């Protein structure tokens, strides 16, 4: 019998570095963001709101990170999944915390979901660029 | 005067067997699902999440089961009911727990709603196939 | 295998009569109440707020009825259950909808819980008297 | 830098077996329970409500399992932690989902929290006995 499963989950240290990288990108882009990291279980690990970042985005950033970790897909891929299925397009968007627009990405380790990042405060493209800056740390041999 | 109504409600034992049948079908399909059964009152009787099934689907499965038991319709029939009525299509989807896409079915006994099953984790069609595998137990003379 | 369980649940007609009886008693006592009836699944069947009855009691009445049906005990018996167990006394009172003071009673049919009644608006004793007036209908051979 | 942490989390199969063991113990004790298992992230893995188990306990069982996994302590140890600190005793019990009475235990693997079990429906002592029956599977060399 399988009794326990081995699961990789993001460390607090990596989570902080990813948030820092996302904020650095935001500064480059001249925007103020909220950035959130959740672990493999969808629970918050790190969060930061830059000065003057929109309050409304505090929860959006967290929900994007949650959605990405809890389903294993970048949030911007959701719309393509549902756009041609009217019942999903109308209905699934009401799922608590589900975010179907860009700015959330799973954080993977050896192919498995080990957490999620969500950014909110800029345009969708800007939010995505901040996430991608953070995710590029993972490819970086230095860490 | 009618003082009390006789209501059939799904047993814990049948609920467990239905969850097991849904998971067996999921394994056949190569997917990992969340499966939930509620009773005639919409209250949770049985739930199981397979290894690596999406966390986001934990509540979706339960809400599908609830919707099916609480209205007496398979969840996939909802969209046809509302699609040509703009006010319903826009509005009723905000009803708490209402799920208007496939993967939830009422469980009937002698024609009356006696519970509901909900599955989430695969595509709508896959979720429905898992429910149907579970519901086929009811037609089976062996139980 | 047990597939379905037979459950008695309160009819809409009896629920209305019980609410009416509770309100009649309230008028006798010179108070204005909220009265609620739930079925065996804890779902609302009948509700009435008398003119000038306290708004705060709208939910209290419903929670009393729910607690009584969902645990099978009059709400006033809860305090005796928990008063000598400090951890329960401190903790269980935070359970969503649980009401540990008088004014809620299960409605039984042949010994099984088939619903619940809750009254709020007067003193505990007055609320209980209104419930008891409603419950006396059940003993009455005329129904 | 620590990038990812290895975490053991309870499998669906073990969760099902623990629920089954808890229910078997409940049958021995002549009670009807709700039993829930959550994983290392506090997310529901398995749930079962026995026929005639109290509806009120559906959420209590899940909250006990969550509390145990989310803090790494059996729920019955909470009261001793807070009883001599009036501010905690008054305040911390309002924490969402926190349960400070017996019937919830962490599920450990190699000393680390890998999930939680919660049982509700009997007395505190009965609920604990059901959990312990389930936890004894972990010590059993057969699994």
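Observations, loosely collected:
As written, the chain order gives the labels A, B, C and D, with residue 1 at the start of each chain.
Convention: a residue touches a chain if its C-beta (ideal position, glycine included) is under 8 Å from a C-beta of that chain, and two chains touch if they have at least 3 such contacts.
Everything quoted here is computed from the prediction, not taken from an experiment.
Under half of the residue numbers at the interface between copies chain A and chain B are found on both sides, making the touching surfaces mostly different. Note on chain placement: the centre of chain A and the centre of chain D lie 30 Å apart, centres being C-alpha means. Chain geometry summary: the mean Cα position of chain A and that of chain B are 30 Å apart.
Centres computed as Cα averages put chain A at a distance of 46 Å from chain C.
Within chain D, residues 11, 13, 41, 43, 51, 55 each touch two or more of the remaining chains. Viewed as a contact network, the protein chains fit none of the simple shapes, being neither a path, a ring, a star nor fully connected. Contact between chains, as defined at the top, is found for A-B, A-D, B-C, B-D, C-D. Those residues of chain B lying in contact with chain A across their complex are 51-52, 54-57, 59-60, 76, 78-79, 82-83, 89, 93-94, 98-102, 124.
Contacts from chain D toward chain A in the complex involve residues 1-11, 13-14, 17, 39-43, 109, 114, 138, 143.
Put simply, chain B touches chain D in their complex at residues 11-13, 15-16, 41, 43-51, 55, 58.
Chain C meets chain D in the complex at residues 2, 5, 41-42, 67, 69-72, 85-88, 90-92, 94-98.
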